[in-house]
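The structure that follows is given in the form of structure tokens.
Just so it is clear, A, B and C label the chains in written order, and each chain counts residues from 1 on its own.
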Amino acid sequence: MTATVNDNSMNQQSRPYLTLARVSKHFPGVQALKEVSLDAYAGEVLGLVGVNGAGKSTLMNVLAGIVQPDEGTIEIAGRMVEVLNPRMAEDLGIAFIQQEIQVFSQLKVYENILIANLHNWRVAKHIPILSIPKLKLEAKKYLEMLDCGTDPGERVERLSVGERQMVQIARALSQGGRILLIDEPTSSLSMVEKSILFEVIRKLRDSGFAIIYITHYLDEVYEICDKVVVLRDGRTPCQGKVGEVSKTDLIRYMIGRDIELISQDNKRKVGETILEANGITGLTFPRDVSFHLREGEILGIWGALGSGRTELLRALVGFDKLRQGSVLYRFGADLKTTNRKKLLRHIGFITEERHFDGLFLQMPIWQNISSASLRTFASRMFRIMNRRSEIARARSYMDEVNIHAAGVDMLLNQLSGGNQQKTIIAKWMMKGPKVMIMDEPTRGVDIGAKAEIQQIIFEKARSGMSFIIVSSELDEITVLCDRIIVLRKGRISCELTKKDFSKDRLMSEA
Amino acid sequence: MPGEPALIRNATRKASNLFGLVVYLFLGLLAVVFSILSPSFLTFSNLYGTILNGAPLILIACGINFALLAGTIDLSVAGVGLAAGSLCGILLKNFHAPILIAVCAGLLIAIAFGGINSFLIVRLKLNPIITTLGMMMAIRGIGRVITRDRLILMGKSVSDLRQMKIGALGGFPVLLFIVFGVVIISQIVLSYTRFGKYLIAVGCDDKAARNVGINVERIRTLALIATSFVCGVGGVLWVISLGAVITRGLNGYEFLAIAAAVLGGTSLFGGRGSFFPGSFIGALILLFIADGLTMAGVSPYVMPFLRGAIIFTAMYVDSLRVRFG
Amino acid sequence: MVSETKPDSNKKKREAIGLLHGEKGLARIHNRQSVFLLLVIGLVLLSLSVFVPDFATARNIWNLLVQVAPIGTMAFGISYVMITGGIDVSSPAVMATAAVIGASYMAKTGDLIFGPFLMLIVGAALGAINGFAVAKLRMVALVVTLATMTICTGIAAVWTKGQSVVGLSPAFSTFFNSTTVLIIFTLLFLTLNFVLARTLYGRWLYLIGTNQNAARMSGLPTVGATFSAYMVSGVCAGVAAIMNTSALSSARPNMGPDTQIVDIVCAAVIGGVAISGGSGKITGVLLGAVLIMMVNNIINLAGVPDYFTSLIKGVIIVLAVGLDRLRTKSVG
């Protein structure tokens, strides 16, 4: 099922500089890469696209030497190589420019760029004192390659995000990178910074680097890439020149020709408006977002990375300050403007990173489940906890969400990701809020648990609970939601109801 | 960082840049205020007496600065100084050892303690706070074992040393040179050697440091050994300049050292700070306060409060800086 | 040779523990840690009674228990703080300051009613300062309490000009004699244990110590609960001040050995409180305190000179930290 377009006449070389052949990688529970093959040529930008979970990060980690493939070969300049660790990757000329900018804010620009090889620029051969002028000069060399005018002696903490990225790229160059892996670089950049970055990439390409550019944004593929390869479910179904693949084709390859999952939930009645947001504007994101949510409705929020989804949720419940706008909630009979902190008491919030602020890992299941509803188990006088009742009710919720564990007293860190997520859901179900906000409800959860969680959402919605769901998985959001609002750079770009759902539309509006 | 309030970030950045300036200004302010309260404050002899007496604090502050920059902490610093000084003193007094041997012994024992600390904290990954608390206790104990818990007066051998001057440079005692020497060399190491850069990198972001190939464990180990070594120098100097070993001396210096480092701009979270001006100025501020208040005859109540207030402010700024910067 | 009094003293000891624990026998101690500690204590007692002649006397055991009281009290206090993930090294210094202020008040005015309360108030106030800085201003707990410790030491020294407080009416010590002190200690133990183990507030502390962010997201009053933990520690220091003052019939700026803070932290860590927070029981801390005091007792009776104790204590606490790390590794 691979559509490969080989066009020798357009290439500078007849052979690719980097070739992956049938690379596979298996992690417990999931086959991340299945016989991936791609060719990257020097003097070309190869775009790597795919939805969340398609295997992009794993592929990059393999190339960068952070993980080793189970099968398959890697060839550089015609030679078979093994990339056993990051050092080897560096020696082979592979430079991984990660999405998270890894510069040291307290060091200067030249120190950051040359950090791996500082000893090459000493005052004299056997003296451990570094020569600052020599370092600055060398650093300037790489900055100029990137047309970057930043002063090498500047402290990195004063640089903007775009400039820091330049520093990171310069570092990669100084380490002798010939193959640049650039991972989602634009989500934190302004328009201006982005065009500067693209200029730099073009310049590097023209100097003969082989560049693999990973992105979510299909527009960027058409702007900067020469070739594109699609990754889906660990496979590479499509690889070809950018000019020869249309955007719709690309989307189709990314999503697959699979039959759309039938929404299992057609007869749900939706009640009156329970929550209304008017002109919510935070300090940066969101910008003037308005929507309403009805009882029993499942509302989805869709958008690319960096579009402001999490910021919208945080602004809604008062974790971030609002510059403008109000939130109305139905306490009782009418919608009233509400203090958002008060809102938090009536709402459930499942966050994106459960390890950071969702789980009490060293505690047993029942204590996790009851942690949002503790007051209900405390006696009137003296607030003594009724353990028996707690454990019993936790057990019933455990069954309800079908957590696979030996007993309620198993510790959370012994559970799988799916069961952990279900525990969090059980926790909020116990609290029984009218509105449930979920940020990536099935992230890092295996297929079986995913389906179960989606079922739970449907059931609860049937009994009147409303949901606001943020998800980066196209399938999930189209299956679960009644309506979807699409965010783009903090604003609503469109709002779709179920009958308008189409994956193509969603991908293009993001 | 997307979504982060740019206004707050800029304000905090300005504030933390200002912080450096403010510290200098504050020192100047103290100098002015105290010289008004007691005219002899700003005299040359007073100032260098202050620095001389404050040598242990200055050096122990520089010592702990190494640990803090690397992102860890070492509460045994004063204890190490004490033990090193005690060993040196005992050797000089009871064993009539030559100066060089005695000093080297003190420094060696300090390095040994640094090695033990780094083993426990870096290798075994024990909690640095409580581990070094325990080490502080143990090392102070060792110091007292060495001196059999008795005050030792070292008499003539040391007083000669103390008075030793370098004639050509206008009569400054050796000890003063050693103090400045240590501070300046530490700063040179920080600013101009690979180790110094790696130190900051590790304290700033140890994950990223590992990613660029820095051996984080090795850097932290070296940092802790440097900490103890510099404190050893401080302890030896203390004993020599005092002419005696006080078995329960350097009390509370652990905290004063941390305070001096933070006042000088070192962050408790690692990766930021310097020796000169940095912790040197921080130590000077504390010394000026102590000295100035005493000279001005101010009620002794004021001192702990004033110190506490200043240190609280410095640490509060540090915590803000990390949260928003 | 096994002495005749040995079984009696052991039995008395076990009864004493049972009594303090408030339960019948060992049946309710289901915590593996506590059982282990009990075994260790029992073993140590056994060997002590055999090898050290003065140990197994009723008088010595009683004295031991009385000495456990102030250390144990402060250990309970810092356990509350450590469970939330923080640390409080200022406890002994706060105790000394509270003692000194209270004692000099009582010496001056002869008011023995308000005196003890004054000690509690001073402890609470200092604890509140710690709590405010850590919970509200979000400063680093170690440094805040280190600062408080230094300031308190300074205050105490200046308040008394370095001397002991004189003129305290002997009625104070008569009222707060060993029996009263042990009763107070028992009540304090029972209360703190119960609150931590069975109430909503106790649950809050454990959750905050396990994951502060998750606790906040779950709607718990993280700032208030953390603040109060430091106040509890401060009040405990105040109680310890009362105990120590009555034992000495006076108060000094440096009451108790220098190693006090290490004893207290040791008692907590050995007793099962994790340094990183989120776990630990007061019963364990009690046993830890007993163990530490027994070690002290052994050291004293064996005639080990004072300066060695610092060394020994230091090694003990490093071992305790190692133990804590092993424990945390196996659980998490």
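Methods note: contacts are C-beta pairs under 8 Å (C-beta built on N, C-alpha and C of every residue); 3 or more make two chains touch, one makes a residue touch a chain.
In this text the structure is predicted, and so the values were computed from the model without any measurement.
Summed over C-beta pairs in contact, the chain pair with the top total is B-C.
For subunit C, the chain whose average C-alpha position is most distant is A.
Subunit A and subunit B have Cα centroids separated by 44 Å. Between the CA-based centres of subunit A and subunit C the separation comes to 48 Å, rounded to the whole angstrom.
Look at where the CA atoms of subunit B average out and do the same for subunit C: the two points lie 31 Å apart. None of the residues of subunit A touches two or more other chains.
Residue positions of subunit B touching 2 or more other chains: none. Residues of subunit B touching subunit C in their complex: 73, 120, 124-127, 129-131, 133-142, 144-145, 148-149, 247-248, 252, 254-256, 258-259, 262, 268, 300-301, 303-305, 307-308, 311-312, 315-316, 319, 323.
Residues 86-87, 90, 102-107, 111, 115-116, 118-119, 128-130, 132, 157-158, 161, 171, 187-188, 282-285, 306, 308, 310-311, 320-321 of subunit A are the ones touching subunit B in the complex. Those residues of subunit C that touch subunit A in the complex are listed here as 198-201, 203-204, 206-207, 210-211, 213-220, 278-279, 331-332. Looking at the complex, you find that subunit A touches subunit C at residues 344-345, 349, 351, 356-363, 367, 371-372, 374-375, 377-378, 382-385, 387, 411, 413, 427.
Remark: subunit C residues 87, 89, 133, 137-140, 142-144, 146-151, 153-155, 158, 258-259, 261-262, 265, 269, 275-276, 305-318, 320-322, 324-325 touch subunit B in the complex.
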